[in-house]
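Before anything else, here is the set of structures, which you'll find just below.
Below are two complexes that have subunit A in common, paired first with subunit B and then with subunit C.
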Partner chain A sequence: MTAVIQTKNLSKWYGNVLGLSDVSLEIDKGITGLLGPNGAGKSTFMKLVTGQLRPNIGRVLIGGRDVWNNFHLFRGIGFCPEQDAFYEDVTGWEFLTGLLRLYGFPAKEVTERAVRALDIVELSKDKDRKVRSYSRGMRQRVKFAQAVAHDPEIIILDEPLSGLDPLGKRRLIRLIKDFQSAGKTIIVSSHVLPEIEAMTSRVIMIHQGKILAQGDIHSIRDLIETYPHMISIRCSDARALAARFVPDKSILKMSFGPEGRSLVVETHQRDAFFSRLQTAVVEGGIEVEEISSPDDNLQAVFDYLVVK
Partner chain B sequence: MATVREKGYYHWDGQLAEARFPWWPITRTGILLAFKKKGFRFLFAGAFLPSVVFLAIIYISEHLGDFKLWARGSEKFITITPGSFKIFFTNPGFLFLMIAMLVFAGSGLIADDLRHNSLQIYFSRPLKKTDYVLGKMAVIFFFILIVTLVPGLLVLVFKLIFDGSFKFFLDCPWLVLSIIGYSVMLAVFFAFYTLLLSALSKNSRYVMILVFMIYLFSDILYGMLQGPFRTPYVCLFSIRANIEQMGAFVFAQKLPYAVPVVFSFLVLGGVCGLSALVLHRKIRGVEVVR
Partner chain C sequence: MKQKENAGGPSFWMSFRRVFVFFFFLGRRTGRSRVFFLLGLIPVAIAVMFRIVLAGRTGDLVAVFNDILIVFFVTFDIVILSLFYGTSIVAEETEGRTLPYLITRPLSKPAIFLGKYAAYVTLMFIMVSTSLSLSFFIMNGHRLRDPAIYLTFMKYEGSLGLGILAYTAFFAFLGTFLKRAILVGLLFGFGWENVIQYFPGSTQKFSLVHYMKSLMPRRPSGGPLSILLFRLEPTEPVVAVITLVVIAAAFLALACWLFRAKEYLFEE
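Right after this comes the complex of A and B.
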């Protein structure tokens, strides 16, 4: 089956500045997190996918069709830019209906859709206020509303959570997940790792215009062999547990956590370690409270791929 | 929280029609925003003043008997001819009012989009660059045609009504075409002129000054060069003079400046060409880093 979005050897540069370099990837339905620091090429990637930029090399295909100069495809794309993109003197209602009219909906449908979209983002009460008077969170929400009001199959959200308070973030994340449940293809960019982690484990890591990794975050971690896996075990007797692993040559390093309540192990053979851990715990009669992988998260993976 | 989830997604089963006039929503927004500007409504209403005065003159000319005392000695002046229409359409005061209107209605058309990064919102939708430019131009067309074409035709109709015959129309049947032609040409020129300047800056206030000052300065420059050079060709520096030349040509009147009208058309066309070039380069979906 063809992926919803495909890029083939995609490259984009602005004069001497490299925006994106040789990016080939496939994106399927569901939420995909686009992760990278500021200036990594996330926005360039999104603008190429939304057909706003022409690639210098390569192609972007949506549903097998080239995006560039194929503006009919844009009917199926909803784009929420990072920066504010409003006229300050229009109301939220005018902003939304004005943009919906560009799709050629009948007038009645424009009204219905605008009502529904504002309802989704809980801005119905403030629809007649000028955008000028909107808070940062309200602006983000009305931007989200314009991206989804026309019921697109592909939703591209550039830093949608920036500037939102924790409650606002939670609401928007829930909304994004709703659209995922409805079978939409969603690309969300962020440089804040926990935000992406809260939405999806499927990520594309981008840095200096290049794709560092793509796929499930845990699978990506498993592929990084240079750095051993860190496993933290909080248990009733961390020292006794450590003693059982001393002869194990697959363990590279052991250390104790705060107050000696946990044991932190570094190993290249995670699966083998877990099977031995099971035996050690049963034989030693040790009560395990929690097992976690401190470096099996986006931050750690990203650090491994980018910094070190 | 559950309520948020319930109203999360909605699928539309309707048939999505191809927008017949994709530029219209842009025009609509432009017109709406112009009327939201302080003082614009007053200015817009003021732009009809020359038409009202012209209509009054037509009324007086057709009822000279009733205005004997007032109109004594100026009967010749208030006799309505195609030349009167040329004077009405090309008089500097009327053109100045139009420029003042453009300062408010047109200066922010592209500048505000550049400032607010709205282009990426527009171009991520099924909208072509030409639709966008056409939409913006249509805002200027609307305002220029509504104060030139509409009153021009109405004044002509009232002339016939006051006259009580079609004689005036039959004597110069081309006048309708002249009114339409001149109004359209004026609208096209002003649209390109305003959009050219609007695309040059993100600051609409700066554009406002540019729209106003370039028009005025071109006329001042003409005045300044007229003395030392002593040639009528310096009128080509003045936007107003070129429009006046164009108007005289379209209304089949004697040219006010002893310069072939084709030069004035070339100057006005050159501004339009330059504008098209600048618009082509400046209007992009995204900021381009250099």
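Right after this comes the complex of A and C.
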């Protein structure tokens, strides 16, 4: 069976700058996470897939048809752009109904669809406020609403979670999963691994315009396991905590943070370390203020993959 | 009733109409439209002022001030309106980064461009027409029973309407490929057009304003102000109409072609 979205040897340059290089992919129904640091080429890929850019080399096919200047395809595609851009002088309702009318829906259907979309993103109460007065989170949600209001089969979301508070992120992730359950094809981009992980296990990792890895997220997680994790623990007595880890072979390196108030640990076995930490804290009566992972980000994984 | 669409999607005219309705609505809501509407009230205020000052007088002085008002519309109002609305057809979408909302809808790019052009031209025509009709009839309040002034008024309207079509098409064309189209437009609208129209002979035919002036129903001749207001060796009205229409059509066709072929990148 043909994939919903296919790219064949897709390459894109901006003058001398490489945007995307020789990307061949097949994307099927369900959620596919496009993962990469800022400037990796995620947005270029999204813009090529939505026909906003023309490939220098290669093709983008949706349902077997080229996307560039093929506007008929867009009846079945919903796109949520990354940029925080709107027609600012209108209300959320006018923004949404105005864009829906561009599909040619009759007035009654426009109203029904707009009501439903605003309800989904929980903006019904604020629909009559000007978009310019919306908070960042509300703007993200109305942007999402315009991408799904016409009930497209393919939903392309460029960094949809950026700017949302944790609760907003959780709500949007739940919504995206609902669309997956409805049989849609969804591509979501993000530079934050846990965000993608919360939505899907199918991931494409992109870096410097090239596909670094693709497939199941757990196999990519394994890559992290072979790369030392840095864990910082701010606590009431960092030296006492360090003493409890001295004989621990899973720890590669320990150091103290500024003013000796935190302990920074490097380990290959993060899960085992956290298990030991719990015991150490309880047994030592140490008060933990904060646990953070300074290098628990994609950049570290990318650096590892690139160096390798 | 649901609109009929063929299997391939909406027809050009359906798409055009949808875009027109969308931008006619959006255009009315912008702060820019409010500013330009207020700008259009300047000649109305001037007309009211002169009617008060010239109360009871109907001679040449009234005619001269009529000319001043018309010159305001021809050489300033429609140029500035067309410049800002025309260049913004594409520029405001790229600078505001709202273009993806349009080009990821089932609408052809020429339909998007022409629909927005038509919406803005209509909006400008309403603004200019409101301002012109108020100021014209205030200035000619003493002749309201004379049927000839209505014909004169219609000719002014037609001439300004064609001017809006042609200027906006040209500035819209500039906006499709220049990043700072408004600067080039300012140089053209208030540099080239203002200078070239006072050149004798056929040189002035290289300006749009020449053809608009050729359609004016009444041209001042003689008097100390006339050379400052109007220097014209007119083209035949029919030729002037055809020229303005052809210029508008040619620049629109070029702009549509460019808009369809060009990729627009946003500045980060």
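One rule holds in what follows: the second predicted complex is superposed on the first by the 219 of 308 C-alpha atoms of A that agree within 3 Å, B and C clash if a C-alpha of one lies under 4 Å from a C-alpha of the other, contacts with A are read in each partner's own complex, and residues count from 1 in each chain.
Convention: a residue touches a chain if its C-beta (ideal position, glycine included) is under 8 Å from a C-beta of that chain, and two chains touch if they have at least 3 such contacts.
Remember, it's a predicted structure, so these values are computed and weren't measured experimentally.
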{"item": "Combined model on subunit A where subunit B meets subunit C, clash or fit", "value": "clash"}
{"item": "In the superposition, subunit B vs subunit C on subunit A residues touched", "value": "B"}
{"item": "Partner chain in contact with A:D178 - subunit B first, subunit C second, else both or neither", "value": "first"}
{"item": "Subunit B versus subunit C as contact partner of A:F79, first or second or both or neither", "value": "both"}
{"item": "First, second, both or neither for A:E153, with subunit B first and subunit C second", "value": "neither"}
{"item": "Contacts of A:E266 with subunit B and subunit C, given as first, second, both or neither", "value": "neither"}
{"item": "Subunit B versus subunit C as contact partner of A:D248, first or second or both or neither", "value": "neither"}
{"item": "Contacts of A:R101 with subunit B and subunit C, given as first, second, both or neither", "value": "both"}
{"item": "Touching partner for A:E122 - first (subunit B), second (subunit C), both, neither", "value": "first"}
{"item": "Overlap of subunit C and subunit B interfaces on subunit A (superposed complexes)", "value": "14, 47, 50-53, 71-72, 74-75, 77, 79, 81, 83, 85-87, 89-90, 94, 98-99, 101-106, 109, 146"}
{"item": "List of subunit B residues in touch with subunit A within their complex", "value": "1, 4-5, 7-12, 14, 16-20, 22, 24-26, 28-29, 32-33, 36, 112, 116-118, 120-128, 284-286, 288-290"}
{"item": "Partner subunit C, residues of subunit A touching it in the complex", "value": "14, 47, 50-54, 69, 71-75, 77, 79, 81, 83, 85-87, 89-90, 94, 98-99, 101-106, 109, 146"}
{"item": "For the subunit A and subunit B complex, residues of the former touching the latter", "value": "14-15, 17, 19, 47, 50-53, 71-72, 74-75, 77, 79, 81, 83-90, 94, 98-99, 101-106, 109, 113, 116, 119-120, 122, 146, 151, 171, 174-175, 178-179, 181-182"}
{"item": "Subunit A partner contacts - residues on subunit C that touch it in the complex", "value": "1-3, 5, 8-10, 14, 18-19, 21-22, 25-26, 29-31, 96-109, 260, 263-266"}
